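So, here come the structures, one by one.
Here subunit A shows up in two complexes: once beside subunit B, once beside subunit C.
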Partner chain A sequence: MTTTVDPAVRAAGAATRVLRVTRTPRGAGGDGGGGDLARQHGRRGRSDGFEVPAGSARTTVLDALTWARTHLDPTLDVRHACYHASCGTCGVRTDGRAVLACVTRLADLPEGDITVEPLRNQALISDLVVDIEALYEGFDAVGMPLVRESRTVPGSRPAPGVEGLTRFEDCIECGLCVSVCPIEASDAAYEGPAVLAAAWRVVEEPRHADPERAFALVDGDQGAWRCHLATECTEVCPSGALPAEGIMHLRRGLLRHRFRVAFARLRVGANGAGEPGGTP
Partner chain B sequence: MDARTAPQVVIVGGGGTGGALAHDLALRGIRVVLVERHGLTSGTTGRHHGLFHSGARYAVNDPVSAVECIRENRILRRIAPGSFELNDGLFVALDDEDMAYRERFLPACEAAGIPVRWLTGPEARRCEPGLPDGIPGAAQVPDGTMDALRLPLRFFATALANGADIRPWTEVTGVTGSAGCVTGVRVVDRPTGRTSEIGADIVVIAAGPWAGIVGRLAGVDVSVRPSPGVLVAMRGRACNMVLNRLHASGDGDIVVPQRGLSIIGTSSWLADDPDDLGVPEDHVARMLAEGTRLLPALRDREIRAAWSAARPLIGDRGASSGRALSRTFKCFDHAVDDGVEGVVTIAGGKATTLRGMAETAADVVVRKLGLEAPCRTAETVLLPHTAFHRPAEAA
Partner chain C sequence: MSTHPDTGRGADPRRRGIAGWFDPRGRRLGGWAFALNRLSGLGVLLYLYLHLVILSTLASGAGAWNDFVALASSPVVLAFDVVLLAGLLLHGLNGLRVTLMGFGLVTGHRNAMIVALVLIAALVALGGAARIFGMV
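Moving on to the complex of A and B:
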C-alpha cells in the first residue's frame, strides 16, 4: 500500500496523521457518474494512504480529506457542503464507525492510521461518495415537510406579526442510519430507518402532508414491521432525530390506525353496508 | 422550441446560482447541461450560515444590495414555501453607539422597502429571553433561516424535472473552439476518469470564488476575489430569530439559529486560493467573544464546528478588505469585456439573491442567442428538494 506525502510538510517536521482511504477504480468501465445503482459490493477498489498535517485540536476528518485532495491527489472524491453537521452530505466510516467527517476530529481518533471508507448499504458513485437518490425517492414518497412547528426555544414568544415559531426538522438525511442498519445490509428493498422515521414525523405532525399516505407506505412487508429494533440507527444519528423511537411510535400508530379502520367498517356494516336507507 | 434544435447552454458550477440558472433556462426552453467538479453546493453555497436576508444588513452602506435582497426575499417566500424558518430577525442595540446607528438604520430600511418595527428592550427580550438584560431595544425585520443545501436543491430538482442535465462530479479541464470563440467545454467524469466534450452555444461561468480559475481555462479575465470568513456553530439552539448587532457590519455581528444549532458569523479577509482557506484560531476566538456579547445564552455551549467559507466578491482592484467590496452581483459578457465570444460570467451576490442573479444571466444568454423568451421563475413554485432524483424507471 502506498502513502502519498507532501515533501514540504515532511520537511517542516509538523505532526502528521495517515488516512487510509478506500478508492474506486478509474477507467475500469464502471458506470459511475450517478447512473450506477448497483450496490457497492464488488466495486471496492484499492486503499490509498495520504499523510496529512495533524493540524490543531479542531482539525476534522473532512479538513484532512479536502487537504489531501488539494495537495496530494486531486482525483479523490469526497462529498461535502456545510462543514457543520447541518447538510448531512459528508457521511463516511472512519475506523469502521459511521460518522459525519465534518465533526469528527482527528485528535479524537485513536493513534495510528485512520481508515476512511464509504457508507454501507447505499449505491456507490466514487471513492467516498454514495448516491443519495434512493434515499430521496423514499423521502419524496413520504412527503415530510422540512419545517416543523415544535421544539422552539423555551420561554420565547413569536415577534409581532410572526404567526408561529418554526425550525427545520432534525433529520439531515445523511444516511448514517442506513449504513448501520442490519436489515438494510441484508435487503435493499427495506424502506429503512430514515424514511420510516420521516413517515412517523408526518403522522405525528402532519402540517399539510397526508398521514394516510404515510401509513399506507410503511404498512407493507418492507416497512415498519420489518425493523428488528436493533437501535443502531438512533445511536449513530448525529442530529438527535431518534429514528428507532420514530419506528416504535409508527408501529403503535399503525395498530391504532388499523383498529380505527376496522371499527369504522364494522359500524358501516352494522348500519347496512353503508347504503343510504339500506334497512330491510 | 424543438427540443432537438433548441440552443444548448453549459453552466459551469453547481452552487445556488448555477442551480437557479439551470432552472431559469430550462423554463425558457433552452437545453441545459450543468457541470460541477464535486458535489452540488460543495463550494460557497453549502457553507454559508443560512441567513435568509431581508436586506437590512446592507440598508445603510449598500442600498443596491438591500433592495435586491428584500425583492428576492419576497419572491422566494412565494416560490419556495416550506423552505424557511420564518421567525424574523432582530437588529439588537447593546449600547449608545448602536442607538446612534439606529438613526441611520431605520430610515435606510424604509427607503429600501424593508418592513421594520422598533421593539423596546423588554419587548425584544420577551421574544428572545437569551438577549442581555437591560438592552435599549431592537429593530425587527423579515430575516429568516434557510437550509443552505435544501433551498438550492429545489432549483436543481425543478430543473431536472424540466429536462436539464445536471452532472455533479464532472470537472471542466478546458474549452473547445478557436481563439476568440468558445464552442464548448472539455470535461472529465471524475468517477470513471473518462474525458469528453460538450458543445455549447454559450458557456456560463457560475463558479463563485472559483470563477477566476474557470475563466483562465476559457481565456477570459474574471475579477472575482475569494473573500473568506470564519463561522462557528454552537451546539443547541439559543434563539428562534436571527440576531444581528445594530451597528455597521463587523466581525461576529450575527447569530443565525438553524435546526439544533446556533451559528455565529463572520469575519472577512481576502484570499487567493478558494481551495485552501484554513480556519484562523484568532477569528474563532473573536466569533465567540462577539457572539456571546450579543447572545449571552451561548456562553456555556459547546462548539460543534468551526469552518471557513469564501464569498465571491466582485473585485474592484483597489479594495483592501472584503467588507469594502459590494455584495451585489454582476453579469459579464466576455465578448464585450475580453473579445471572447460564447462566454458569460455571473458573479458576486448573496445566497438570497440566487434567483435574481439567474434571471440577469439568463436575460443576457437569451439576448445573445437572439431569442424572445421571458423569465418565468418569479411565478413558478419549485418542487420539494426531495424531488431531486431521477424517476426509478429511467434508472
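Moving on to the complex of A and C:
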C-alpha cells in the first residue's frame, strides 16, 4: 500500500492526515461493464494513501479529497458540488460510516489513517463515484414534487423584505440511506428507504401528484413491507428526512387504503349484487 | 425497483448479501438490533429442528430417552438452555419492538426501546440461569 506525499507539505512540517482511498478504475465497478478490469483489480478495488494538510480544525474530508486530486493525483474521481450539504452528491464512507464528505471534518474523525470508500449498494462508476441513476428512476416512478406546500420551516422567519420562501423537500437525494440499509445489502430489488420515504411524501402531500400511483408502486414484497426496521436510514440521514418513519407512516397509509378499497367493493356488492361493472 | 434488463443496474456485485447484515463497521444501535433479531431468529429455528430430533428419540424406546435426559442434565447442556432462553427473549421482545414501530407507534423512542429490550432480556435470562442451575 503506497502513500503519495507532497514534498512541500512535508518540508513545511504542517500537520497532516493520511486518507486511504479505495480506488476502482472506470469500467471495473458494478455498472455491468468492464469484466476484464474487474478481474484485474478485484471487486473491492485497491487502496491508495494520500497525505493531506490538516492544520485547520475546519478542514473537511471533501477539502482533503479535492486537495489530493489537485496536488497529488488528478485521476482520483470525487463527485461534489455545493460544499454545504445541500446537493447530496459527495456521499462517501469514512472509516466505514456513510457521511457527506463536505460536512465531515477530519478533526472529528478518530486518530490515525482515515479510510475513504464509495457508498455501498449502488453501482460503482469509479473510485468514490457511485451511479445514482437507479435512485433517480425510483424518485421519478413515485413522482414526488420537489417543492413543499408548507413553505417555511416551523419557527423560521423570512428576512426583512422577503415575502415568502420556497421550501424544498428535506431529502437531498444523497443515497446515504441506501448505503447503510441492510436489506439493500442483500436484495437489489428492494425499493429502498429513499424512494419509499418519497412515496410517503406524495401520499402525505400530493401537490397534484397521484397518491394511488405511489401506493401501487410500494404495496408489494419489495416495497414498504420489506423494511425490517434497522432504522439506520433515519440515523444516517444528513437532512432530517426521517426515511424509517416515512416507511412506517406509509405502511399505516397502505392499511387504511386497503380497508377503504375493500369497503368500497363491499358497498358495490351490496348495492348492485349480480351487476358486474357497477361503479363504487 | 427491479434489475434493469439492459443495463443490469440494480444487480450490483458490491452488495454484500447476508454479510451486509452483520458488518459491524459504522453500524448504529438499530442495525445491531436488526442483526441480533436475524441471529436469534436463526438460532430459534435451529432449536426447533433440534427439538423435533430429540423428541424422535422417544420412538427408540425408554432407554434412549433416559440417556438423553441424563445428557440434558449436564452443565454444558444447561448452559445452552440459558442461551436458548436469552435468544427467545431477545427475538420475542425485538419482534414486539418491530410490531410497535410497524404500526407507526413510539418511533421517536426507537433507541430507548432497544436498550430496554436488551436489559429486560438480560435480567430475565439471568434469573432463568439462576433457576436452571438450581441457585434459587
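Simple rule for what comes next: the second predicted complex is superposed on the first by the 238 of 280 C-alpha atoms of A that agree within 3 Å, B and C clash if a C-alpha of one lies under 4 Å from a C-alpha of the other, contacts with A are read in each partner's own complex, and residues count from 1 in each chain.
The rule is short, and it goes like this: a contact is a pair of C-beta atoms (placed from the backbone, for glycine too) under 8 Å apart; a residue touches a chain by one contact, two chains touch by 3 or more.
What you are looking at is a predicted structure, and each value in this text was computed from that prediction instead of being measured.
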- Message: Contacts for A:Asp48 in the overlay, against subunit B (first) and subunit C (second): which applies, first, second, both or neither?
- Response: neither
- Message: Tell me the contact category for A:Ala244 with respect to subunit B and subunit C: first, second, both or neither.
- Response: second
- For A:Pro145, select first, second, both or neither according to whether it touches subunit B, subunit C, the two together, or no partner. first
- Could you say whether A:Glu137 touches subunit B, subunit C, both of them, or neither, answering first, second, both or neither? both
- Message: I'd like to know which partner A:Ser56 touches here: subunit B for first, subunit C for second, both or neither.
- Response: first
- Query: Quick one: subunit B or subunit C, who's touching more of subunit A?
  - Reply: B
- Task: For subunit A, give the residues common to its interface with subunit B and its interface with subunit C.
- Result: 29-32, 133-134, 137
- Over in the complex, which subunit A residues touch subunit B? Could you list them? 24, 26-37, 56, 58, 60, 66, 70, 75, 77-89, 102-103, 125-126, 129, 132-134, 136-137, 139-140, 143, 145-147, 152-153, 155-162, 165-170, 172, 239-240
- Item | Contact footprint of subunit A on subunit B as seen in their complex | 38-42, 45-47, 50, 82-88, 90, 117, 119, 126-130, 140, 145, 147-150, 167-170, 189-194, 231, 233, 237-241, 257-261, 263, 275-276, 279, 281, 284, 304-307, 309, 384-390, 392, 395
- Message: Going by the contact rule set out above, which residues of subunit A touch subunit C in the complex?
- Response: 29-32, 38, 43, 93, 95-98, 120-124, 131, 133-134, 137-138, 141, 180, 182, 184-186, 188-189, 191-192, 195, 222, 228-232, 234-236, 244-245, 248-249, 251-252
- Query: Which residues, counting only subunit C, touch subunit A once they are in their complex?
  - Reply: 1-4, 7-21, 23, 25-31, 33-35, 37, 97-98, 101-104, 107, 110
